[in-house]
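The two complexes that follow have chain A in common; it is paired with chain B in the first and with chain C in the second.
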Partner chain A sequence: MTESRVDLDSEKMGRDLVALVLTVVELLRQLMERQAIRRVEQGGLSDAQVEEIGTTLMLLDQRMQELCDQHGVRPEDLNLDLGPLGSLLPRE
Partner chain B sequence: MEREVVPWDSPEPLSGPIGVPLVDLLDRVLATGVVVSGDLVIAIADVPLVRLSLHALLSSVNERVPAPWSDGGPL
Partner chain C sequence: MTHPGPRAQDPVAQTATYVFAVCRDTRAMNTADLTALPGMPGGAPLRLLSSATLTAVVQSVPTADFTDEVWQQRLSDRQEIERYARAHHEVVSAAAARGPAVPLPLATLYHDDERARRVLDDEAERFHGALKRIAHHAEWGVKVYGRQKPPQAPGATPARPVAVGAGPRQAPAPGAGLAYLNRKRSVHQGRERRRQEALSVAESVDAEFRQLAAASRRLRTHDASLTGDHRVHVLNATYLVAEERVDELMRMTRTLRERTDAQIELSGPWVPYSFVGEV
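Entry: the complex of A and B
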């Protein structure tokens, strides 16, 4: 009677899958953040637009941290080590 | 914990990981702009099933590469 056995594999697999999805989301978020900074530095945007971009990016960052906490994923888990290529995301 | 950047022009082979995170490289590629064109056929047992033909421009929006719609278009 081993019904009470806790199946950790599916949990771990689920968390790894979530970590992979969050990694892709984090990659795109950081890429868009850098592109936004480039666009703002390039000029030609109204102050309202610049502020809107800043607010949106800040909210996105907060939402990302909430998601990571919610799924028990540490921020450094999202950073993939690509061996000779270095890392996917900057190492804080 | 800043890892020292690996010099590019050193004669001996690449020792440590390149100092630049991939996301920065992608950002620069977008800033420069890149065109990806090609054909991709997904086949099983030499039977072609799916064809993907790409002529994609991937670039940041700037005066050279304007957004097709006016600022804040339908997207």
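Entry: the complex of A and C
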């Protein structure tokens, strides 16, 4: 076993962990968003309900960005390469 | 060479037989073709190793340089792995310049010449099959990139980098929720539409090339983060094309470029690494 294969940079590990946690949160956020959009497209919701859903999602999106900013994580860092399955979150 | 003996005590002296490519025995392969090439870093001069019906291009390399440990580490260093891959490819290309040669994967290593020769004999049928398949054929790589993301419509707010964070968050204006939903919906729809378009272009390009090729393989598309290339890579395929059909290949590529608005990158001719089977 060679030394350089064990990375003991705790600051980097902390950052990686934050990025991983935020990635999972972002995945859930995007799933919720999609589900909500589908629900709205199906119709049957009142205007007030649609507005409330939209506002909630918008605030969640903003909060997510704030968290990223606070931890110095770029939006494009919030992703995982799943090998042949592609990436966890859609890329632009 | 690596039998237990006085030399085995000294790890520096231990060598293994690195095999680059396998050719037919009958071909006019000459060691002189190879002496100008260094081969693997730290290896002895390149040489030919003959079995009953095949000739392999080989090199004695220090065993210590090719242990799993060392190789694993090398794999994570892109510059280092590139150096080895280029060295490997140079030798393979030189071997293939004279006639069909089955390229072996990077870091194909045998304990000694005897083991390597035994593999050549045991697998002779498969090697000859592969040599027959790739004779007078070359590999051509085709990469297709989808249309770029269309420029943001004037006045539209960018979907992701919203200017927040500066100053305290304000209560959302009435209608902001609905506007947000609509914006997100059009982002999703746009992405889905581009994906569909890109996939259908990829399928039709692949179908056209397959008609012309003797064999084809689809490879995994590249990840943008690895190459720093932000185009959407929708097709990564490789085709085994007969020498006499190369003109057709060029023409078809031009036609397809005009017909679809996708970017089609053609590369080759390559030694047919992808079409020699598991040898």
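By definition in this document, the second predicted complex is superposed on the first by the 84 of 92 C-alpha atoms of A that agree within 3 Å, B and C clash if a C-alpha of one lies under 4 Å from a C-alpha of the other, contacts with A are read in each partner's own complex, and residues count from 1 in each chain.
In this text, contacts are C-beta pairs under 8 Å (C-beta built on N, C-alpha and C of every residue); 3 or more make two chains touch, one makes a residue touch a chain.
It should be emphasised that the depicted structure is a prediction, and the values quoted were computed from it without experimental measurement.
Enquirer: In the overlay, answer first, second, both or neither for which of chain B and chain C A:V40 touches.
Expert: second
Enquirer: In the overlaid three-chain picture, which partner chain does A:L27 touch, first (chain B) or second (chain C), both, or neither?
Expert: Only chain B is touched by A:L27; chain C is not.
Enquirer: Taking the superposition as given, does A:S87 touch the first partner, chain B, the second, chain C, both, or neither?
Expert: Both: A:S87 reaches chain B and chain C.
Enquirer: More residues of chain A are touched by which partner: chain B or chain C?
Expert: Between chain B and chain C, the winner on chain A residue contacts is C.
Enquirer: Have a look at where A:D69 lands relative to chain B and chain C in the superposition and call it first, second, both or neither.
Expert: The answer is second: A:D69 touches chain C but not chain B.
Enquirer: Applying the document's definition of touch, where does A:T55 land relative to chain B and chain C: first, second, both, or neither?
Expert: Only chain C; A:T55 stays clear of chain B.
Enquirer: Show which residues of chain A both chain B and chain C reach, each in its own complex.
Expert: 34, 84, 87, 90-91
Enquirer: Mind pulling up the chain A residues that touch chain B in the complex?
Expert: Against chain B, the touching part of chain A is residues 27, 30-31, 34-35, 38-39, 42, 82-91.
Enquirer: Could you please specify the touching residues of chain C with respect to chain A in the complex?
Expert: 69, 73, 149, 160-162, 164-165, 169, 172, 174-181, 184-185, 188, 191, 220, 223-225
Enquirer: Using the touch definition up top, name the residues of chain A that touch chain C in the complex.
Expert: Checking each residue of chain A against chain C gives 1-2, 4-5, 33-34, 36-37, 40-41, 47, 50-59, 61-62, 65-66, 69, 75-76, 79, 81, 84, 87, 90-92.
Enquirer: For a test of understanding, state which residues of chain B touch chain A in their complex under the given definition.
Expert: Residues in contact with chain A: 1, 3, 14, 17-24, 26-27, 30-31, 60-62.
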